[in-house]
Amino acid sequence: MHAEAEGRDVAWERRTEIPLFYLSLVFLAGYAVRVLAHAHSLWRDIAAITVVLTWLCFIVDYVVRLVLSRQRPLRFVRRHWLDTVIVILPTLRALRMVKVHDAVMAKRRDRPHRSLYPRVITYAGLSSLLLGFSGSLGLFDSERRDPHSPIQTFGDSLWCVVQTLTTVGYGDVAPVTVSGRLIATALMMFGLGLLGAVTGSFSSWLIQIFRRDDEEEPPGDAPSPGAPH
Amino acid sequence: MHAEAEGRDVAWERRTEIPLFYLSLVFLAGYAVRVLAHAHSLWRDIAAITVVLTWLCFIVDYVVRLVLSRQRPLRFVRRHWLDTVIVILPTLRALRMVKVHDAVMAKRRDRPHRSLYPRVITYAGLSSLLLGFSGSLGLFDSERRDPHSPIQTFGDSLWCVVQTLTTVGYGDVAPVTVSGRLIATALMMFGLGLLGAVTGSFSSWLIQIFRRDDEEEPPGDAPSPGAPH
Amino acid sequence: MHAEAEGRDVAWERRTEIPLFYLSLVFLAGYAVRVLAHAHSLWRDIAAITVVLTWLCFIVDYVVRLVLSRQRPLRFVRRHWLDTVIVILPTLRALRMVKVHDAVMAKRRDRPHRSLYPRVITYAGLSSLLLGFSGSLGLFDSERRDPHSPIQTFGDSLWCVVQTLTTVGYGDVAPVTVSGRLIATALMMFGLGLLGAVTGSFSSWLIQIFRRDDEEEPPGDAPSPGAPH
Amino acid sequence: MHAEAEGRDVAWERRTEIPLFYLSLVFLAGYAVRVLAHAHSLWRDIAAITVVLTWLCFIVDYVVRLVLSRQRPLRFVRRHWLDTVIVILPTLRALRMVKVHDAVMAKRRDRPHRSLYPRVITYAGLSSLLLGFSGSLGLFDSERRDPHSPIQTFGDSLWCVVQTLTTVGYGDVAPVTVSGRLIATALMMFGLGLLGAVTGSFSSWLIQIFRRDDEEEPPGDAPSPGAPH
């Protein structure tokens, strides 16, 4: 009986994976229009309704999975904490994009583990783009209400996010509101991880080349180190 | 006789480990209340007394261990320099939290070395939270006395600490007093180490995956690279 | 027939490699003179013509290779995306310098793979110098037209670029125009990669030393860790 | 005859190593007094003479080695470029401290390669302290002459150097003179390398632990990950 319940749970996830991914893109587009459109336009109202409706879908999905899992709520929340975060911040769901991208790419190649470094770089790049765009929208939405904030246009917000993700931090435009600073803090942490991903890829790639060099001693054709050219 | 003295030394450490850990949390809470409470409240006085009393306990513990070790003071100080630092800055003692957390976690799992990367990340996260909170308190305490400082609320202090630990450093709020700058310097160094921990974990994890791929050549089910999703 | 076409394509590339490399240096020099010379000098006009002429050469080269490849244009653009970027931003072509440098160095040594770490450091250094200089020129060109920009001399622009590439980012001079911020963003991303290259080299070098130590157990003459001295 | 000349060269280096190291400390102390003492004090004059005299010693040493090596000057300069840099910036000679420290430490331990990570950390720490102190002196000396500079005390200069070495870069105090910015640029590059050293050590240490875990499969006593506690 427990196995059957699990089966229905897994089946639900398998079927809703792709629709919910597209729904998350709709959510992101709706949020973008709501933030960037003029104050009293019709588009803004449509976008607001879209955001609320898609959010409701995510909540319904979460509740259905909670019921289907037949676990106690607290246990479910703890084991699926990432899903819980995604329900509260649905923009993060679009990060599943990397999973979909991976699935599409896996069909094309027969030896997927060869492409580990490009894949890590692709993940890092796609996640940065997505988080950077979502973060810019949220930051702009928080900061423009404060007249003392240096972030008054979406361009300023994008510029602030780029500085934050690369941990450069000029500070010519920095958030002043509490919600803006929370968003920037989240982006800083992601930036730290991004730095770790780039550095780690480079490091393990160099080690890989070196080990191969040690094994194939004949010095005729050393592998090119693939410098940026 | 020396062995017996060492035995008493070790026994003392084993028995005081847990009480002193909780005492360090009391110290931290007392310090937080003393810094954050209103100037003339009763809570503030109680907190000040708590801080002094717990600090005295740490000093007594240090002296007892110095006596039990039967070593010359200078030698003891040099060999136990970390304990000496902790006596001077008792807020660091709460970092033993990670040891306690480790001990608790070790009981649950049978193959602890599998969880090296999560453990490093957990350590880094807990240490960052603890050091960040303590540092914010100290920074706020130092800076609010200076009317020219941009750090006038605890929120500003937290924001400055977050910028420092992630090495972003916008600089919209930066310490101006000597003690504030010393605290920020300590946090910068910890931030450098934090960056190293995140990067190092990522790097060794990628190498681990790659080596496993090289050994299990059959390309059927390549291990998922565990991208953020 | 397809093989013959490819042959002509490869032959063209082989013959134009060195001339186009020198042409890219001429382009860079011309651009530098155009940006740095006084407003109404003759040099500036000559430089502008040089820039346009060399740029035309790059475009002609691109079109010739597109025709010789006998591929559909879209497919060619996608497969040679790096060349496409270089046609739009010809200053990047000078980065082929590292390839030329590599070819020259390869002739001198018989075991090139021994010099992996110096080579990575050399690549990183040369690329940083070249990108930093080109970026400073572009940044200066963008920013000096805006009277509110803090970047008013070429020295300010260089200083801003150095801060960006090392991800320090004081922010005393930061770009305010859209094109200046785009250039800074590109430099930030390169800076992130540069950090990864330095860290990765150091990391894999340490691992290399450690492994050698493990294999040659006799502790007589441990390899010097090569500290900066 | 060439071998004999080399022999005299090596003998000269071996004999002058320790005296020149102490002389470099005298140089650094003299430079510190010259920069930090009051404008018209006697100490300042004595310090200036000390600086000049020790600098002369370094130049004489360089010339003697150039003559003893019986090489053409240009070839000597290129092969000993580090020594050439040290003659121009004698404060860097004190970095040989790490070599002396290494030699002293090597006598105490019988298996030096065990201590690779502590040694790298010690090198990084000593070099940071030395370069940070020298850099602060130079920065202060350059900046205080400019009335528009935010660096007016030695404390400001130290604070700026700490921000730079850790790549945090608040930018509340940033150099404005050309020589100050050159010093800061050098410190930024060293900071980049420092980050690489810390990260690389952490990374290779994690890999080391992981490999040992893989080899000693019995899961009884997993090695402690040595978290900061």
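Miscellaneous remarks
Residue numbering begins at 1 within each chain, and the chains themselves are lettered A, B, C and D in the order written.
The rule we apply is simple: contacts are C-beta pairs under 8 Å (C-beta built on N, C-alpha and C of every residue); 3 or more make two chains touch, one makes a residue touch a chain.
For reference, the UniProt names are A, B, C, D = Potassium channel family protein.
Please read these numbers as outputs of a predicted model, since none were measured by experiment.
At the interface between chain A and chain B, two copies of one sequence, fewer than half of the residue numbers in use appear on both sides, so the contact is built from largely different positions. Matching CA atoms, the turn from chain A to chain C amounts to 90°, rounded to the nearest 5.
Of the two chain pairs examined here, B-D and A-D, the one linked by more C-beta pairs in contact is B-D. Chain centres here are Cα means. That of chain B falls 30 Å from that of chain D. Once the centre of each chain is set as its mean CA position, chain A and chain D turn out to be 42 Å apart. Within chain B, residues 163, 167-171, 195, 199-201, 203-204, 207 each touch two or more of the remaining chains.
With chains as nodes and touching pairs as edges, the resulting graph is complete, every pair of chains being joined.
Every residue of chain C that touches chain B in the complex is listed here, in rising order: 167, 169-171, 199-200, 203. Remark: chain A residues 155, 159, 162-163, 166-172, 194-195, 198-207, 209-210, 213, 219, 222-225, 227-229 touch chain C in the complex. The residues of chain A lying in touch with chain B in their complex are 95-96, 98-99, 102, 110-113, 116, 119-120, 123, 127, 163-164, 167-171, 174, 176, 178, 181, 185, 188-189, 191-193, 195-197, 199-201, 203-204, 207-208.
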